[in-house]
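Paired with subunit B in one complex and with subunit C in the other, subunit A is shared by the two complexes that follow.
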Partner chain A sequence: MTATLTAPGKAAADAGTGSTMIGRTPRRQIYLPLGLYLLFTLIPFYWILLFAVRPTGSTSLVPWPITFEHFDKVWTERSFATFFQNSLLVGVVSMVMTTLVALAGGYALARFDFRIKRGFMLALLCSQFIPGALMLVPLFEIFAELRMINSLASVVIAETVFQLPLSMILLSGFIKNVPYVLEEAAWVDGCGRFRAFCAVVLPALRPGLIAVGSFAFVHSWNHFLFALMFLSDQGKQTIPVGLATLMGADSVDLGALAAGGVVAAVPVVIVFAFIQKWLVTGFSAGAVKG
Partner chain B sequence: MAQAAAVAKPPPSTAQPPPGKERRRRRGAGASPRRLPYLLIAPAALLMLGFIAYPVISVFYYSLRHYNPTKPWRDGFAGLDNFVTAFTDDPDFWRTLGFSLQWVAVEVVLQLLLGLALALLVNQTFVGRALARALVFSPWAVSGVLTSTIWLLIFNSQTGITRYLADIGIGSYGTSWLSDTGTVFPAVVVAELWRGVPFFAILILADLQSVSKDLYEAAEVDGASRWRQFFHITLPHLKDAIILSTLLRAVWEFNNVDLLYTLTGGGPAGETTTLPLRIASIAVDSHDFGYASALTAIAFVILLFCSLLYLRLSKFGGQDT
Partner chain C sequence: MTMSSRRRATAALALTTALALTATACGDDGSGAAGDKGGEGSGKGEIVFWDNNTAVRQDIWQEIIKDFEKANPDIDVTYVGVPAENVQSKYDTAIQGGGLPDVGGVGAAMLAGIAAQDALEPLDKRLDKSPLKGQLNPAMVDSVRSAGGGVELYTVPTSASNGVLYYRTDLFEAAGLDAPTTWPKFYEAAKKLTDKGANRFGYTIRGGEGSIAQALDAMYGQSGIGDFWDGDKTTVNDPENVAALEKYVSLYKQATPSADLNNDFTKMVAQWDSGQIGMLSHNLGSYQDHVKALGEDTFRGLPNPTTGAGVRVQVSNPVDGLGLFKSSKNKKAAWKFIEFAASHESNSKWNESAGAIPANTEAAQDPWVKKSEPTKLAAEALNDGSLKIVQLPYYLPDWNTISKAENEPNLQKVMLGKMSAKDFLDSLADQLNEAQAEWKKERQ
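Let's turn to the complex of A and B:
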């Protein structure tokens, strides 16, 4: 975190090198607002790290010496080890299901013209406006009927379903960008449609699949409401519910809460570091030119 | 901005399958090409029918019934009773609805303005740009509950930011912004901004990549100021992206339950209870599913109406694009 904090300053030192950008903006007009916004972004991250590694009762703003007592506590006493496993399971399975189902549907939307296509597209767009948060009661009933309450399967299904529309629209955009003639050439060479798809489309879809898959993972990892409503056993709960429980306690143990938050952030930070360079290009390549 | 593209400009070249496809059908992965698209969308369609369409219909069905698992003797057809109760006999309905609208308006406007500014800023060429982008976008990936966790640590009365501010003489010790009805709104707004601005910034930055550089060069040659370039080139180009992200975000913020539920629990004194939070608490605490469904149905209609109105007013995807 400290290394990253110094970045704007270091960059400012290099600012002498001229830019060829059209309509140059003076350095000061970039680094000053950027520095302020970086402070707003980074201080909260620093704050949670600080609370997670400094001993209980300390009010020092520099966490030294650091302690791992809070991590020990949340991981074992507060069952975050279990929550972590559950969250990981939900995240990975929803990611795989969302991507596969959306890939099939997205391919159909991109490559075929069929009778209910317009209606189906419209349904996808409309379902963007249907909030999961308002559907808790009927969803609860359905999962009760299916005997899935208190099973991670209910959360996996709910997360997958509510991510499908956007994922499918995004993937069909990415697929449209892969020239159809490439696939046709593969058919001429004797490939079946499926083999042609695997050989030609799939490799070109890599950025799109990474974008859609990681959205799905991050979203399911982060999502709180379905797990809160459909899982009542403590052993079945996920990290966000565990965090909410820590916050809801009568006297909040701030150190444990901060450590729990850091644990919750780790997988997301890893995924984000991995995808962030695709974030902007992924949206523009796959969607905007769709 | 997939939706933008999908609604506004279906590319004619790819919307139709290229001619000659039918002739080369042969080995169509075990299915005839006529049936293949239906097979491919079947899993998605079935999941959405079962877990989105059916629940929506059942919300409207329950909204016309008395339905409370803890009071089964009252269950039955209710006509419009639930709606009448909401509109005439439930001050909390109007209060939470009003707060929801205030919340959405403030959050979306601030997120859009800051997100736009941030996107324009990190679209400039400067040293350290990749790192700066990664850092300012990072809260995008942070969950509502984790955002609550972080801001609870910042706002807590003993070791939060107010303590350190008091140390240097600003404010007083023991202040908790989250439990004071006067400060709780700005406090939660800032917390949600922290996470929400990157969403707009990412989408707008993505759209900025496709502005033709020639336009700026031409404007430069004509001596147009940077402000004029912004208003006559950048903003018109971003129009669709801005409209769509604003709309999606408004719906999303309306239904944002994670952050408020965990950060304030709707308090203090119900000051930060949105309509969805109230619906959840009715369903969870009093198990009055019939009434909760009626409020949900009202929320659906409001969201639908606002979305249509917004698309209409903004002439989304008009001929000019």
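Let's turn to the complex of A and C:
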């Protein structure tokens, strides 16, 4: 390992040229790539926003004059109000179910030793290699047998099932990080396993739960395939399917499509804005120390 | 049991009950897969209609459904808009697992695959007894019959959306160019209207999804070859078609934006509507989008250019139609809806909204057809005998795979100069010849 010391004179010279230091890295070495990356990622968003608020037929590169006609159209005429509610329901219920079941499964994987544990973990990992499209017809037939085609519950169940393996692995890694002796101490104080778990382990899992829950929500919110295939009633479709219905075979209303895209992106942006700190902590802690 | 334990047990019970109720509520059994016999039904009750090209067509379908329900108060039609890009997979899943509609929009390009899975009801007998008999464009009927295998009629045709060369009249006038009515004029305009420094281009080429049909249109249009098959062998790799493709592809980056390599129709149309490009090959379906973006007076839409010898050749565009699914338990009501949708008034209304050519011959005479220039010219070219149509083999179950996933990446290689036009067309020809031989063998 090598360490480099910056001479006081050099630091002063850097400061003099406007190249201040954060730790040992000059500010421009952080902000220049960051700025370029932001530009690269934000331009498509700007483009969507531009099309969403620009009047039809305008070729202006700035969003002026502004119109909300496209938002009005998708929200009222194209039933996005209904799609939004359906997506919200699918997203929230999938999130709750995924988190609850993954918590129980993750706890079992972290705290119990059983004979097929390694095989089970391997199966969980391998299940990630199976694309949803491959399971479409079998799932369709199962839901048809259960009389659940055209029901939001079919989408919720399919989303939950497909997200459980990764969520369980992440949460088990997180639970392993909570010292077992804390739980044992709670037992000594008279708690049962469940109460000890609620009182000692659960509060320490907050970053992991937020990470897994938000990941489940965002995935369910964005996922297209199951909603397209299992739901036929127009009143039960979700936002991603609604967006796809805005694109015809040979004609597309770009303004409406962009407005629909903004409506679809808002909840995801809000979720990430609130939980980004927990998300990073949660994923890194769960993934690295598993 | 302590208070908190009771609360937890109650909460768990409530959650389980809620999930169980959610799981079973409002669902159906997804009945109606291929092989289900269905039934004629009473001619009353509910029928489900899948629109295969929703988006901007949704409003006009809702209007037609409203008219139908007014004329047939005992029948309720449930409209389901299916995204155009995913119709094939939605039908395929429903054919395997159940949940087919009573009536569905089925374009000629996917008809062969659906008919081969025995999901559609043959319609000849119903059509013979229907007021629609003799009212449907014979060429469109032949086209959908051919797409369904050549024997039975599986869909009632509703519209055709012919290929159109759109061009900017204002840019052509400013550059002192003639309308691109011939291929030599087309190439001259593509070159002259290009000013790469000013980000202006003469043409936008389709390099992404859907590129094969457009390339075939340009090839046969220039070579003047009028048939897709010469006996059992395809003509796609005829030396004249190879030369035509080489010339057409040479436009890429010389007279088109370099981003055209990934152009699907959405990007292509959006680019053209932004006003920096002189010409666009698409179909009648995007006419209204251009009107909204550019206004009626700054562009025109013409049928494909003619060869130097004055021959006009175009490849067939898929004819859209309505199919009656075998699994329907209410075929009587479903057929009534098909008859209504293909009738003079409804068919005219729908096609006026789409800017397409009506399949109903009376609707094709309506005044709006003459007012919309691209539709009028396309209809005239179809009817006056000046246009040779190269019938693409939509009847081949493998057509969609061959003309999309398997060959679009190769056409991109040709555009990038990593593959020769001859190698590309030879490979395409081999696949087509094989698929044709297989199809013929299965029919024997």
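Note that the second predicted complex is superposed on the first by the 252 of 290 C-alpha atoms of A that agree within 3 Å, B and C clash if a C-alpha of one lies under 4 Å from a C-alpha of the other, contacts with A are read in each partner's own complex, and residues count from 1 in each chain.
The working rule: a residue touches a chain if its C-beta (ideal position, glycine included) is under 8 Å from a C-beta of that chain, and two chains touch if they have at least 3 such contacts.
Here the structure is a predicted model, which means the values were calculated and not measured.
Superposition of the two structures on subunit A shows subunit C clashing with subunit B.
Applying the stated contact rule after C-alpha superposition, one finds that A:149 touches subunit C and leaves subunit B untouched. By the touch criterion defined above, A:206 lies against neither subunit B nor subunit C after alignment on the C-alpha atoms of chain A. With both structures placed on the common chain, the touch criterion links A:157 to subunit B and to subunit C. In the superposed model, A:28 lies in contact with neither subunit B nor subunit C.
In the superposed model, more residues of subunit A are touched by B than by the other of subunit B and subunit C.
When the two complexes are overlaid on their common chain A, residue A:247 makes contact with subunit B and with subunit C alike.
Shared-chain residue A:59: touches subunit B and subunit C both. In the superposition on chain A, contact is made by A:137 with both subunit B and subunit C.
In the superposition on chain A, the residues of subunit A contacting both subunit B and subunit C are 59, 136-137, 141, 157, 244, 246-248, 252, 254. Contacts from subunit A toward subunit C in the complex involve residues 56-57, 59, 77-78, 93, 97, 136-137, 140-141, 143-154, 156-157, 228-229, 232-234, 236, 241, 244-254. Of all residues in subunit B, those touching subunit A in their complex are 1-7, 11, 14-18, 20-21, 24, 26-29, 33, 36-38, 40-41, 43-45, 47-48, 50-52, 54-56, 58-59, 62, 117-118, 121-122, 124-128, 130-146, 148-154, 156, 159, 161, 163-164, 194, 202-203, 205-207, 209-210, 213, 216-217, 220, 226, 229, 241, 248, 251-252, 254-258, 261-262, 265, 276, 279-280, 283, 289, 292-293, 296, 299-300, 303-304, 307. Listed in rising order, the residues of subunit C touching subunit A in the complex are 19, 22-31, 48, 50, 52-59, 78-86, 89-90, 93, 96-99, 101, 107, 161, 265-266, 269-270, 274-275, 282-283, 285-286, 288-289, 292-295, 354.
Those residues of subunit A that touch subunit B in the complex are listed here as 4, 7-8, 10-11, 14-15, 17, 19-23, 25, 27, 30-31, 33-34, 37-38, 40-42, 44-45, 47-48, 51, 59, 61, 101-102, 104-105, 107-114, 116-117, 120-121, 123, 125, 127-139, 141-142, 157-158, 160-162, 164-166, 168-170, 172-173, 176, 180-181, 184, 187-188, 192-194, 218, 221-225, 240, 243-244, 246-248, 252, 254, 257-258, 260-261, 264-265, 268-269, 271-273, 276-277, 279-284, 286-290.
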